[in-house]
Every structure is written in C-alpha cells, then in structure tokens.
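Read from first to last, the chains carry the letters A, B, C and D; within each, the first residue is number 1.
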Amino acid sequence: MLKQLVNPVNPSNFNILVSKLSDVLVKALDEPLGYAINWGRVWSLWPVHLETACCSVEFGGSSDPRYDVERFGILEAFGSLRQCDLIVVQGTVTRKMAPRLRMVYDQMPEPKYVIAMGACAITGGLYLDSYNVLPGCDGIIPVDVYVPGCPPRPETLIQGTFLLQEKIKRSKIK
Amino acid sequence: MERKSEIELKKKSLLLSKDILNSVVEKFGEKVNVIYDKRNRSKIMVDPEIIVETSIFLRDNHGFDHVESASGTDYPKEDQIEINYHLGSYVNPDLFPYVLVLSTKTSRSDPKSNSLINIFPSVEYFERETYEMLGVYFIGHPRNERFLLPEDWADIPPLRKDFRLKGR
Amino acid sequence: MSSLDEKIEEAKKLSMHIVKESEEEKLMTLSVGPQHPGTGHFRFIIKLDGDYIVNVDLDLGYVHRGEEKMCEYRNYFTNIPHLERPVIHDSANITYSYSLAVEDLIGITVPRRGQFLRALTSELDRINYTLYWLAIYGIFLGHSTMFMWPAADRELVLDLLERLTGHRITHAFNIPGGVRNDMPNNFKEKCLSQINYLEKRLKEYEHIFYNNPLFRQRTEGVGVLSKEDAIKLGVTGSVLRASGVPYDIRKVEPYDIYNEIDFNVQYMKTCDSFARAYIPFLDVRESCHIIRELLDKMPESGDVREKLLSNIKGPPGESFKRVESGRGALSYHLVSDGTSRPYRVKISTGSFRNIIALPFLLVGSKLGDMPAIYWSLNYWPIEADR
Amino acid sequence: MGALNSEFRFGNFVGSIVQLVLFILAFVTLLVLPIIFFVLFFVPLPVVDGQVLTPYLFFSMMVDPSRTIPVMQFLIHTDLFRAAVFPGFAFAALIAASTIFIERKLLAKMQLRVGPLYAGKIEGIFQLLADGLKLISKEIIVPSGADKVIFWLAPIMFVSTSAAVVALIPVAPGWVAADVDVGLIAVFAILGFFPLIILLFSWASNSKYPFIGGLRALHQMVAFEIPFLLSALPAVIFAGSLNLSNIALSQNIFWNILVMPVNAFVFFISSLAELERVPFDLPEAESEIVAGWLTETSGMIFGLIQLGNYLKLYALAGLFVILFLGGWYGPQIFPPELIPGASTSDVSLLRLVALEGLYNPVTINSIFWFTVKTFVVILLMLITRGINPRIRIDILLHTGWYKLIVLTFINLFVVLTLIYGGILGPGGLISVK
C-alpha cells in the first residue's frame, strides 16, 4: 500500500497522498482557524456610512458615549465602504435610493452582513402607501437581522447586532 | 395691558395689509382679486399674464424680497391648477410678521406659468418642485427637470388629484 | 420696461450655476454622496478645477417619501405621526407648526398651560436638534471629541423629553388642540438641574471647539453670504441671522406664549461659516434661558388640551402658519375643502430654503471648505426631501 | 469541515488554539525533526560557549535550563535577531499594536466613553487581534482598471519602508539593527519614499478620491520635508555626527530640548504632518474625500497600510526621543543584579531566573527609559487627535513653507552662537568629555 502511494512513477498515487495529507491538514486547521476568524468577525463589525432615512439619528445616537457601540468593536464614521462589513439600512428605502443601496452592497468585500433597522426598512412602515417608498429593503439586498421599531432605540440596535453576532458564530467560513 | 397691545398689533397689521392690497388693486385694477385679508395673512389672485409685473411691483414698492414658500394646488373640478407664492420681507420691519399670498391660476390640460426666478431668486427650488409634483411648466426657469423623484419616474405628476396612491 | 430688463440681468448675475464651458475638459467631476461620509442622505455633483469648485449641482430626493400626498389620505390627527418623521430629532417643532395651522383653520385656542408645555417641548427639541447638529459639525471637521460631547449631553435632554412625552425622539406630543399629556411630577426640578448642567457644558464646548484656532482658521471668512445675498436667496433661521438680519419668528410673529417671554434674537454680522456655526450654539443658550422662564411663569394647573373630535372637519379655507424650528422658519400651508382630510398640505421647511445657498457659496471655494460650508447651512436632508 | 459548535466561547477558542499547537507539535516530531537531523549531518553549525549548537544540546537544556543562556546570548547578537525581533520589526510592531489599543482607549476616555470592552474579557485587550483576524479573512477587491502589480506591491512596499526606518532607530547603546554613520540622512532619505509609494498606490487605484488624496499626501509631505530636516540640524551640529547613536550619546549631560525647544516643536509638528495624523490627516479626510488614498483598500491591504502607519509613528517618536529628549539617558533604576547573590548560587534555576550573563543593568535601563520616553511622545501625538479639528490644505502648506522653515532657523542660530562662543558643542565648556 505504502509502496504504491509513494511510487513516483504513478502521479495519481502521489496526488492521493497529497490530498490525504491536505485533508488531514484541513481537518486539523479548520476548527481552530474557523473559531479564530469567526471570533474576529464577531468583534469587528464596521458599518458602512450609508444613511437611507431618519433612523440615522438613532444610529448616530448608538455611538454616543451612553451607548458606545465601540465596546462591541463596532467602529462608526468609517470612510470607505471597501473596509466595511456591515450595512445598517437606516429606515425608509425610496425608489431613488434603492439602486444606490444595491450598488453599495455590491461594492463591499465579502463577507458582508445587513441589518434592516426600523419599521420602514422591514415593511415600509408608516410610508407603506407612499408612491416613492419600497415595502422593505429585503427585495434589494439579503437581510440578516431585522430590528423593529420606529425608530428603534439604540439598545434595540445593539440587541440586533448581538443577534447578528450569534449568526456569525454559527456560520461556516469559506 | 397685554390685551391692549394685542389689539394694537392687530390694528396695525390690518392697516398695513389694507394699504398694500389697496395699492395693488389700484395699480392693476380688475386683474387682481383680493381673496381674503386676515390678520398678518392676505391672499390676492392675479391673472396669469401679470404675475411678473405684480411681483415686481410688490418687490419694489413694498419691500417683499423673498418667498417663504411656493406651491401649487390641483382643482380637477374647475380644471385649474392654482399656484401660490407666499411672499415675505426681511428688509421692512413692519412686514416681518406679514405674509402675502400671491396666487395665479393655470389650466390643467396645458399648465404653464411665468417663472418668478428673476424677481425672487429664492423660488428656484420651489418652482422646480412644483414642476415635478404638478407638471406646471415655468416659462423662463432654467431648469424645468427632474428633482426629487427618481430618474426613471414615468407616471403622472404625483400631486395631481387623479394620481391615486395604491390601496387607497 | 428697460428697468425690468436691468433687474433681470442683475438677478442673472446671482445665478447659481456658473459653468465655464470652455474649460470643461480640465475639470474633474466628483459625485459626493449618497454614500459619502460628508453628505448623508443627498448628493451633489461638484466640478473641480484644481482645488477650486467651479460648479455644483444638487441632487435631492433620496428620502422623498411623498408626505404631502400622504396627508391627503389621512385625517387631521392621523397625519401627526408621519409628519414628524422628516426631523425626528426636532419633531416637536414640525408638529407644532402643523397644529397651529390646523387650529387656525378650525378656529380654536389652546389652554394656557398647554401653550406653555408646547413651548417647553419646542425649546427642548431645539436643544436636542442643535446638539446633534453640533456633533455632526464636529465630526465633519475631523474633531471626534466634539462629536461625542454634544451627543452625550443630548442624551440628558432626551431623558427629559422621554419623561415628558413618553418617547425619546418621535414624541407626537403637540397635536391640534394642545398637548397630549400634562407634565409629570417633579419634572420642573429635574429639568432645571439638567439645564444648569447643560449651561456649564456649553462653556466647555466653547473652549474646545469654538475657541480652537484651527476651527477658527477653517471657518472664519469662509463661505461669506452677504446680507443682500441672504435676503435675495430667501434663506432662513440661523443662516439668515448669521448674515445680519435679526429675523426670528418667535420674535417677529409670536405664536402661542412667546409674546410673554423675554429673550434676545441672536444674530451676527460677520456672515461667514463661523457665524453660521456659532448662532445655533447661542440659540441653545437662549433656549436654556427661555426654558427657565417658561417653567417659572407656567400656571400651576389647568387644562393642557382643547378636546376635539377625533375626526374633526376643517371648514373650507386656507391657513399658513410658521414656527421657528432649529433650522429656521418651518411653515405649513393647509388647504381644506370641508372634509375631515386636508385637501392640500404644503410643508415649507428651513432646510429646503437654506440649501439654495449651497451652490452659491461652494462655487469658488476650495474642496477643503466643503464640509465646513455645507453643514454650517443647518441642513437636514430628510426635511428638505419630505 | 463540520459546522461549528453553537456553544461559542472564548474558552473554546483558546482550546482550539491549544489543539492546533498540539497538532503542530505532532507534525514537528514526525516530520520536521527527521529533516533537522538530516540537515545537521551536512550543515556546519556555529559554536556557542565552546559547544557546537546541536539539537542534542537542547535536550541537555531541558535538564539544566541555565544552559540556554549562552545560546540566547549568541542568538540576540545575530543580525537576523536584531533586524527581525528586538530593536527591529517585532519590537516595533508590538509597540505599534499597543499604540493602536492605547489610542482607542485614550480617545474613548477623553470622550467620556469606555472604548473597546468585550473583545477578549479584559478591557477589550484583544480588539486589535479581532480586527486583524477579520481583515486577514476579508476579500480583497482590486478595482477594475487598476494597475494590479503596483496595487499589490505598494502596501508591501509601505510596510517594508516603515520597517526600514525602524531599523535605523537605536534603542540603547549598541542596540540598533543598522548602525550607519549617516543615520539621520538615511532616515530622511527613506522617509522620502513614502510620498512616492502613496502617489503610486493612489494612481494605481484608478479612482478619483484616492488620486486627490495621493496628491494631497504628496504636497503635504514635500512641504514638511524641509522644516523636518532643518529642525534636526542643530542636534547634528551639537553631536558633530550624523550617527543617531552618537547624537544620543552627546546628550549625556543635558537634553537637547533645553537649548532647542523651538526646533523640537517644529520637529513634532512636522512628524505629525509626515504621519498624516489629526490635525494633518488631509490625505484621509473622510468628510471631503471619503478615505483619501485609502479609499480603494480592502482587507489585508488596509491592514498592512495601518501597520505601516503605526510603525512609522513609533519610528518618528523614537527619532524625536533620540534627537531631543536625551535618547536613552535616565536615572539608573535597575539594580546591578536582578536577584542578589544569584551568580554565586549553585541552583541553576535561580541563575536562569536572574538571567545571569544576559542581564545587563545599563542596557536594560537604557531600553526602559527609551521606551518610556517614546510612549510619552506617542501619547502626545495621540492626544492632538482628541482636541483638534482637521486643518485645510492651503493653511497647511502655508504653515509648512512659510512659518516652520523660518522657525527652524531661530534655534539654528542660537545653537551656532553657543558653539562658536565656545560654550557648548565638541570641545566646549559644557560637553561630553
């Protein structure tokens, strides 16, 4: 068996050896590395600076000294969307904003997460019958966590990020 | 004490508005209608062709120098769109609390009106908004184009009464 | 007739869209917003010649939600919740104006205690709004401490408002006929102590922000809007008062209780970004003073609300009422046709009137001045879009 | 590739790391050790303390731990160790990492907040680790139309150039990775690379905001290069040498900052500008040009540039200490022996703990004072971020070209007067004997 495997004349046998070895390697590395990287992602969610509507006031409020989301590694007021991993859809998505929202989502690097904040971002909320408002943002981008409220208090938003963290912890890394 | 000063203020404002309205009616005659004259608020309806002249007259003779608001209202029953300019003054301290509504009417099928942008530069965005929301074309306005609505808006102007919201 | 032409020419000189078409190729076009740390909910397209801005085109409407159309489908009371959404951190003022317009239409007066409570929420919300505005101004100029301090003190004001109205920011407290609830117990003492603390903090803001030489360098003499231009452009609120026109709706056309309140109209004659940044701050001080006076003069008991039917019918007619909000005159033009729903509602907001000055001020200034000028205009994009 | 356990705890994370270590140990014994023995047979190894360094020596070290000391003594005097670990890269990276953490905590405290708190149990001490792990695993987006080679190369160049500056900074007498005679010139020469790298990177990004940011960085750094260099000149005149170690040695009587406070101030301001820190963070001004030249960076490219930035911060703070704050000089606070009487003791473990032979009180003292002073300077650089808004580009250029250059000459003349008056400097009344 071993003789067959290390026989250099037959390259397929050598490939089997390598793949077996790499399987062992992956098995050994997968779990700790998965933990490590997921742990990193859990405590380092940088939201992109895209304000769609009025919930942005409470979003800004959540980084003030009383609520201070930097405790959970969420750094706000970040410049470029290339370095961000979280979109918080802050309220109503209008028909004019929708293509931009999708564009921002597409431009962000993987992995990226979406929180729909406020009733308007979930279903359209108070503006359900308005002619320029979409009934929720989940028709445009895939939403991970819904945070209800009109507007949600900062505590609710923080709770929402906890739920997102739970989701990240249970996810597999690629 | 307070009540007395209140009454005095009221009297003063009424006198002021009477003064202004009289002079406008005197100048333009039958083409101007006074709709109402309340405390600190009065409304005149002018013919569409003299809107520019009236506003120049109001600006130069009475010191109205900006618009507080400009809007339109759709009246499908009368087949008209009414355009309102709420004029105010920052120069004349007597006119500080006073708002004069200068309004005109245009037909619903071919809504056009003379723009006041050269007399009151502050109407620029208000007129653009009115163009978009009611479809009134402002002659002389440099930018009768898309403003608030999405670029691909293909419906009728939304503040027309025959534009119905879904489910209502 | 010639005089008319001259005047039109003169007005064209003030035109907001200066494009040097011959030099179009040299220019660099930047799209600022809606995903840009320096704008928020709207976009402007600027053309740069080197470091100088030569053309600005505004692109509003990213939060246009059709409030005016929606008003026509709801009755006078159910309009309140969605009408306060455009400025949720100044919601007392935007509903104040609406309530005044409705009351003017149906011809009622609010009980005296109710008027005091309305003015109280209005002033508290003005402080709340201005502190948030100040926080954003700090972060726009790269001063992160100035973001955190006002944001922290704003929470104290929000506590007061929550105690008074039941919600942090969207109160729906001012309704046609008065206010929803009476003041809770011990509110007066709590309010006074918070206001005292806030006044102490305002001095510290002055030390760290307004007296900072770098801040002064960036704002003084930048974006000068002369008195004549300010009047022509019809700007309002702090922008107007920074240009030397002492025009405050609370003073010139006192609504409700304001003719009994003794306060000063803050204005400056320097006309630059610094004045526009400083006036709202002075307004906060004045608001603290007004709140103290309101609490002092408030009648001990009494009705706070004129009871109205939930489905009131406005008589046919019009009303136009305005209040001084955090951003300037905020007015409602209400047309009624005798049914229980308004026929037409036009909201004319301070933001929508102030933004007209942005292209005017930005053209000819440097790219680095953009945030200083833009946010000094006291502009809240959602309110402009409605 | 099983799904992760939903019981996600920090303890599990540590457990998994331990598992990884065990796996590596097994891997080493099964595969690496045979290879080592194979190599040992053919490759000659250095002689340490009279013995040839072989793996068998390690086994004997397990029995007598104090025998590791000569090996370590040998190791820490190799060039590789100096460049990669102690005065070089690893030491600087450690300081850079702690700087980032201290910055976030300090700013938070200034702003009535608590800052990072939950990542890693104790006051969020592992926040940086979390950020780093996340950035490593993040997708790297190369914009379409970008110059791929430069786009990938520039961040690496940025870090290695920062590391090159770090390598020139001495931390104690004789403790420098590269002891060159034209040390100061070399530092400025290497610093001159940064505008080039930034401009190349911003051009390679094929985007407008990075391009504006890159041009701003270029303007800013060129404007501050001259006051930067001129402000360091009086220190060179004093020491009579461009060698950084000699400049530090020349301050054994008094610190340079006492005679040239204006130049120290100019140097401090210029280094802030060089580092693109608030109030001079124009190339990264968020509210104007998104993130400046960092706009198109994602994932580890961003991480590398941040690392490079903080390495640079350490290097310039260290340079400030060397030039103006008396280098490593400070009162001797370490005892001559770590544990008194350990050298005569028979217990080898005690000798190991006392670091007999490795422990040099003067060097340790120098390193200690150097680090303390560097941290003070770093803190000063951090505090400016909390109390200042951003400056505008024209004011900045005006400051650089007109004011700072003039200011540098004031102290230059003062120093020249003192030297020609025969008071200070080489052979003066008060000077190094």
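Keep in mind that, in the parts below, a contact is a pair of C-beta atoms (placed from the backbone, for glycine too) under 8 Å apart; a residue touches a chain by one contact, two chains touch by 3 or more.
All values reported here derive from a predicted model rather than from experimental measurement.
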Averaging each chain's C-alpha atoms to get its centre, pick out the one most distant from chain B. D
From the mean C-alpha coordinate of chain B to that of chain D, what's the distance rounded to whole Å? 67
Cα centroid separation between chain A and chain D, in whole Å? 33
Distance-wise, how many Å sit between the C-alpha centres of chain A and chain B, to the nearest whole number? 50
Where chain A touches two or more other chains, by residue: 65, 77-79, 94, 96, 129-132
When you check chain C against every other chain, which residues touch at least two of them? 36-37, 61, 64, 66, 69-70, 73, 139, 144, 147-148, 152
Where chain B touches two or more other chains simultaneously, the residues are 149-150, 158, 163, 165, 168
Let me make sure I understand the interfaces: which chain pairs count as touching? A-B, A-C, A-D, B-C, C-D
With touch defined as at the start, can you tell me which chain B residues reach chain C in the complex? 2, 6, 36, 40-41, 43, 56, 65-69, 71, 73-74, 84, 86, 90-91, 96-97, 99, 101, 117-122, 124-126, 133, 142, 147-150, 158-159, 163, 165, 168
Chain A partner contacts - residues on chain B that touch it in the complex: 149-151, 153, 155, 158, 163, 165-168
Taking the touch rule as given, give the residues of chain C at its contact with chain A in the complex, in rising order. 34-37, 40-41, 61-67, 69-70, 73, 81-82, 85-89, 132, 135-136, 139, 144, 147-148, 151-152, 154-155, 168-170, 382
Note: in the complex, chain C contacts chain D through residues 28, 30, 36-38, 51, 138-149, 152, 208-209, 212, 214-215, 217-218, 366-371
So, in the complex, the side of chain A touching chain D is made of residues 26-44, 65, 68, 70-73, 77-80, 82-83, 85, 107, 109-111, 169-173
